[in-house]
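Before I ask anything, let me first share the structure, which is written out below as structure tokens.
When the chains are written out, they are named A, B, C and D in that same order, and each has its own residue count from 1.
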Amino acid sequence: MTNQSALIDRRSILKAGAAAGIAGLLATPEPTWAASEKPIKIGMVDPITSIFAAMGHSEIKGAKFAEEEINKKGGIMSRPLQLIVEDGAGNPGTSIDKAKRLVAREKIDFLMGTVNSASSLALSQFANQHNMLFLCTGGHVDALTGTNCNWNTFRTCSTTWMLTAGDFETLFDKFGKSWYFITTDYAFGHAEQADYEKQLKRHGGTMAGSALAPVGTTDFSSYLIEVKAKKPKVLCLLLAGDDQVNCMKQIAQFGIDKEIAVAGALIELEQLQALPENARYGWWTAEWYWKQPNTPHLADFVKAYRAKYKGEYPSARSWFGYASTYAIKLAVERAKSLETMKVVRGMEGLVLPPEVALQPNAPMYRAADHQLMLSMFPGHVLKGAQYPDLFDVSSIIPGEKLALSPAAAGCKMTYPS
Amino acid sequence: MGLLLLFNAFNGLIQGAFYALMALGLALILGLNNTINFAQGAFMALAAYFAFTLTPYVGFWGGLIIAPLLAGALGLAIETSLIRRLYNRKDPIYTLLLTFGLAFIMQDMIRTIWGAQGKPLEIPQFLNQPLSSTYFFLTGYRLFVVGVALVGTAALFGVLRFTRIGIRIRAGNSDLETISALGVNIYLLRSANFVIGIVFAGVAGILAAGQLGLNPNMGDALIMPAFVAIVVGGVGSLVGSLLGGLIIGLASGITTAFYPAASEVVIYIIMGVMLVVRPRGLMGQEGLFE
Amino acid sequence: MSTDLATETARTAPQARTGMSRRTIGNVVLGVVLLTVPLWLPLVGGYTDLASRVLIYALAAMGLNLLLGFTGGLSFGHAAYFGLGAYGVGLMLKYETHSLFLALGVGTLVGGLAATLLGPIAVRRRGIYFSMITIAIGQMFYFIAIRWNTLTGGYDGLSGFARPKFAGPGHLLSMGPTGMYYLVLAAFAIAALLLWIVLNAPLGHAFVAIRENHKRLTFLGVSTQRYIAISFAISGFIAALAGGLNALLDGFASPNLLNYSMSGDFLIIAVLGGMRNFYGPLAGAVIFVLVRDYVSSVTDNWMSVIGLVFVVSVIFFPMGVLGFFNRKSGS
Amino acid sequence: MSLLVLNDVGRRFGALQALSGISLSVEAGELRAIIGPNGAGKTTLFNLISGYFPPTDGSIVFGGEPITAGTPTALVKRGIIRTFQITEIFLSLTVRENLRVAVETAMGLNLRPWISAAVRTVVMNQVENLAEIVRITAKLDRVAGELSHGDQRVVEIGIVLAKSPKLLLLDEPTAGMGDEETHHMTDLIRRLNKDQGITMLFVEHDMAIVFGIADRITVLDNGRMLAEGNATEIAANPRVQAAYLGHAA
């Protein structure tokens, strides 16, 4: 697997790099459009560099794929769509700079992004100051559609609460009552652990212990020593990005996954790809997966996506980019306007149609907190699996069954008069 | 708790050996090339990616040998074409900023060539498991890393003490003018030293990738503890760097057991205390490059 | 406009009249250009916030350059004081006050005092050691900012504060991009003036003498460490002021502001513009910020371009662009 | 009373005994030459007197007070100022700026972050003064690094002169100079000694200069004192002839 995917990656990225160099200089919309048609511009700030780059690339690919598809099918209200991508480098300051540039220079109509919570929060605040619609693609922090919710901010990816609610009962029933948490030491992790603890208490489980690991922890052995001493039934990993990869690798090296059930909230296809074969294990929740039985339009999407990106399979991140771009199109068409307030109203209660949703349920942007009610895909990693078939979805749970009510999430939406 | 502490302390030492291995190459280059090599982390990542690409053809062991040499060759090219131009500028800022910029370029090249997506570097199965179920944290791989760190230090020590080039490097460390007056080609010596430093970085990078996984940014996380190891151990002393690595590994391991949030800050605190109590570090020589 | 401090100050006595007038003209031209930025910048495709960013980076790099270019101390940790200033302002606005100047004052004080207290530790060593110590001290603050979640917002950064209105005489002025720009410009002008005064006073002469030959000065009975520490403190205060302004501009403070790569940006700005020139950091900031802003929009490989900027400026413009052009016009 | 007294002073570096058993006394107003072959310990002796490093044996007394463990800064305050074998000046500054910083240091102004016009005038006048004494007025606005070696030496003496030294240590003041520059320098040394009354110790290889201007001469060899006396005594001393002049010839 390694060899082949390395080759694929190299070719596509080399080409993408070269193309970006040239195309970026002459960024023109699709040539089929009449010059008189002014494009509708979506500014997308997402990490192309930094530790968040792998996921950023997936989101951008998904969004670009949607852009191409939309323009082929007649654009938005018969105007072309132009997606302008800027590298936020996973850094809130840079992300704000890029958003400023997009607003001032490119005169964008809408803003979307980004992979990480910090940048998403910063952009939400920025968009609010500039009276612009911001659609968060992939930052999970609860506050974004909870305590910090804004009238002009929407979110496509799930909240941390939804991630933890998806697989709890399965794990609890299957493996046992005593849990140990290794949690990433920032808002995302704290929120996840708090959510799990609530559910654990409600079901009469016990905490064997927990440890907070700073973001960027490379060596998890001290944590694992403690885990081993406490002998929990379930080791729950609530880590982000590379930290999760490092921890799973070390668990496998110590052989802990053979004695204790390892589980956690979020797993991403990008993470599984970064793991060696012996470190692919555990029970997790995916936010979307390319392989679902009997979901309409999914096979076509995967096929077309692979054709565009040299055989690469779409990840949940690709879908975020794809669905977000479509959501803006649909909201604009509902509002029949580009005015921020009208589009916001158009997006409130917007239900993604099956060819965009690509899941059996019909997710909707909830009006009260602007959170998309996307389905969760709890399941487990297949033993000895080879890319791309790495994950087995055990059930697909509609988002509205999992999400907290807007009131419980702490969102009090206020609109400008 | 006592046993747990012992486990953690021991585990910290293993981690420390790892820091030390990373610090050695850095210390070597700091010594004779008078360069704070910010690209050291990027060289580590690059060698690891070379190994990743080579492994299907030559296996892990082949990669472990060939990849650092390839990185060393690139190091030689960079040293002779760029860094060498800056030796006679007395101010260290130039080499520092040069290597800082090179690190940017190398990281970007890695992302362009291999992609932003993290990669798994497969290590031999027999190393990839614990040796005993009680002392499960002693995996073959970790012991192997400790072994490489010790052998590497010993080998370097031997080279510096007993070979012609080593003796010259040591002499050059303390008095560049004198040895160049003795007719030693100082440029050649510095190139050789730089390459050795990069090869060390390469080995450290590959070993890190076996444990942490490969991504274009991996060098960023690795370089700082190496810096601290050098400052604590004392600039100019290789044994000091080894000790420095072990000390901060130990401290960080023990801290993790009590208060994980401070596990990174603690190494800087140790460094701060060291600087106040003994500014030249454990084994450092006074005023070597001041 | 700006010349090497060495030759500049030398001229003061015999050729005061011609030297002064040329410099005065240069300063007036620069002042007019900076004052009218909001008028002409949009015409050339820029936007006012970008100009604020340039001036903030220039201010931080100018502060750093007092230590780097004029005292000869290579600090690779000034982002820490910049970041402390930013967090100071953010925390004040979030929890304590709605006064712009109080927040900015406290932020500057926090970062400046940190530099004042830590400078004496760093200056115990010189050369490469000094750099390594400063970088490590800086990283310590970086990790504290990331770990101390409850105060700093940890990895997600500090948000939830906004630029307060400017309390003018009798009424409140709202701070849009233009208002913010003039606040930054005022801070820049004041700091630049103070730096200029110091550099032309005995204290500044002592700084430059330390850079030139600390041994000579030591054997004139000057304890050079003390002076480097003073230079460190002043430059820390200025970096903190710049950081505070940065927090106001973004309405956000993130741990990245404290990271060593930010220190690297400030250093390259100083070197690129010309670290022996008073206005070098300003020239460097204009080039660096604009290049980065433009290139990162044009290509995904912007990091390579920025890396090349480092390499090229170090190899070919060791005295920076201002130094380069001065030399050309001089010879 | 002697201005400077060394009692059985020695210095060891690890296994190497660089100096031992040095006892000498220098009277106020004296112009004393230190001579000896390379490696005799002349510069080490200067380093001990100026506090670069402390002696491992013996004691040093200056102006009646012990200064054995003094730091350079402390000794400068007492009036012991030195030059180095390699000229130590501020190379990229002008001569005027070189002298100015020395004058400001001497006047204790260094910590002032601003300066009044009146004080500035005092400083500048003192700079002109110094420049006249060392005769470098014509080159005041030249960058020091671009001056000839001899002129740089002169600038260094101007700098140390600003501190009004009681004891001036000159390490090979004429080394590497041409005839004219050497003449200018010896003249300067003599004038400073006679006109300003500055006590001086200088290390010198050129015997013509040593015998020409020194009041007394101390001869070092292999880290030990070989002889001491005036020019005639030293020239006649058979041990000096054997050990030192033999080398030189």
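Couple of notes before you dig in:
The rule we apply is simple: contacts are C-beta pairs under 8 Å (C-beta built on N, C-alpha and C of every residue); 3 or more make two chains touch, one makes a residue touch a chain.
Fair warning: this is a prediction, and the values are worked out from it, not measured in the lab.
Leaving out subunit C only, the rest of the assembly separates into the touching groups A, B | D.
Comparing chain pairs C-D and A-B by the number of C-beta pairs in contact, the larger count belongs to A-B. Among the other chains, the CA centroid farthest from that of subunit B is the one of D.
Centre-to-centre, using mean CA coordinates, subunit A is 74 Å away from subunit D.
If you average the Cα atoms of subunit C and of subunit D, the two centres end up 42 Å apart. We define each chain's centre as the mean of its Cα atoms; on that basis subunit B and subunit D are separated by 47 Å.
If each chain is reduced to the centroid of its CA atoms, subunit A and subunit B end up 36 Å from each other.
Residue positions of subunit C touching 2 or more other chains, listed in rising order: 143, 147, 300-303. The multi-chain contact residues of subunit A, meaning those touching 2 or more other chains, are 17, 48-49, 185, 214. In subunit D, no residue touches at least two other chains. If you check each pair of chains against the touch rule, the ones that pass are A-B, A-C, B-C, C-D. Within the complex, the subunit B residues that touch subunit C are 30, 34, 36, 38, 82, 85-86, 89, 91-94, 96-98, 100-109, 112, 224, 227-228, 230-231, 235, 261-262, 264-265, 268-269, 271-272, 275-276, 279-280, 289-290.
For subunit A in complex with subunit B, the touching residues are 2-3, 6, 9-10, 12-14, 17, 48-51, 53-54, 56-57, 185, 211-214, 216-219, 221-226, 228-229, 242, 245-246, 249-250, 252-256, 270-271, 273-279. Contacts from subunit C toward subunit A in the complex involve residues 45, 47, 49-50, 53, 143, 146-147, 149, 153-157, 159-160, 162, 246, 250-252, 254, 256-257, 293, 296-303. Partner subunit C is touched in their complex by these residues of subunit A: 16-17, 20-21, 24-25, 48-49, 86-87, 91-94, 96-98, 100-101, 104-105, 117-118, 121-122, 125-126, 129, 141, 148, 185-188, 190, 214-215.
Those residues of subunit B that touch subunit A in the complex are listed here as 4, 7-8, 11-12, 14-15, 52-53, 55-56, 107-108, 111-123, 125, 128-130, 133, 136-137, 139, 141-142, 211-217, 221-222, 253, 256-257, 260-261, 263-264.
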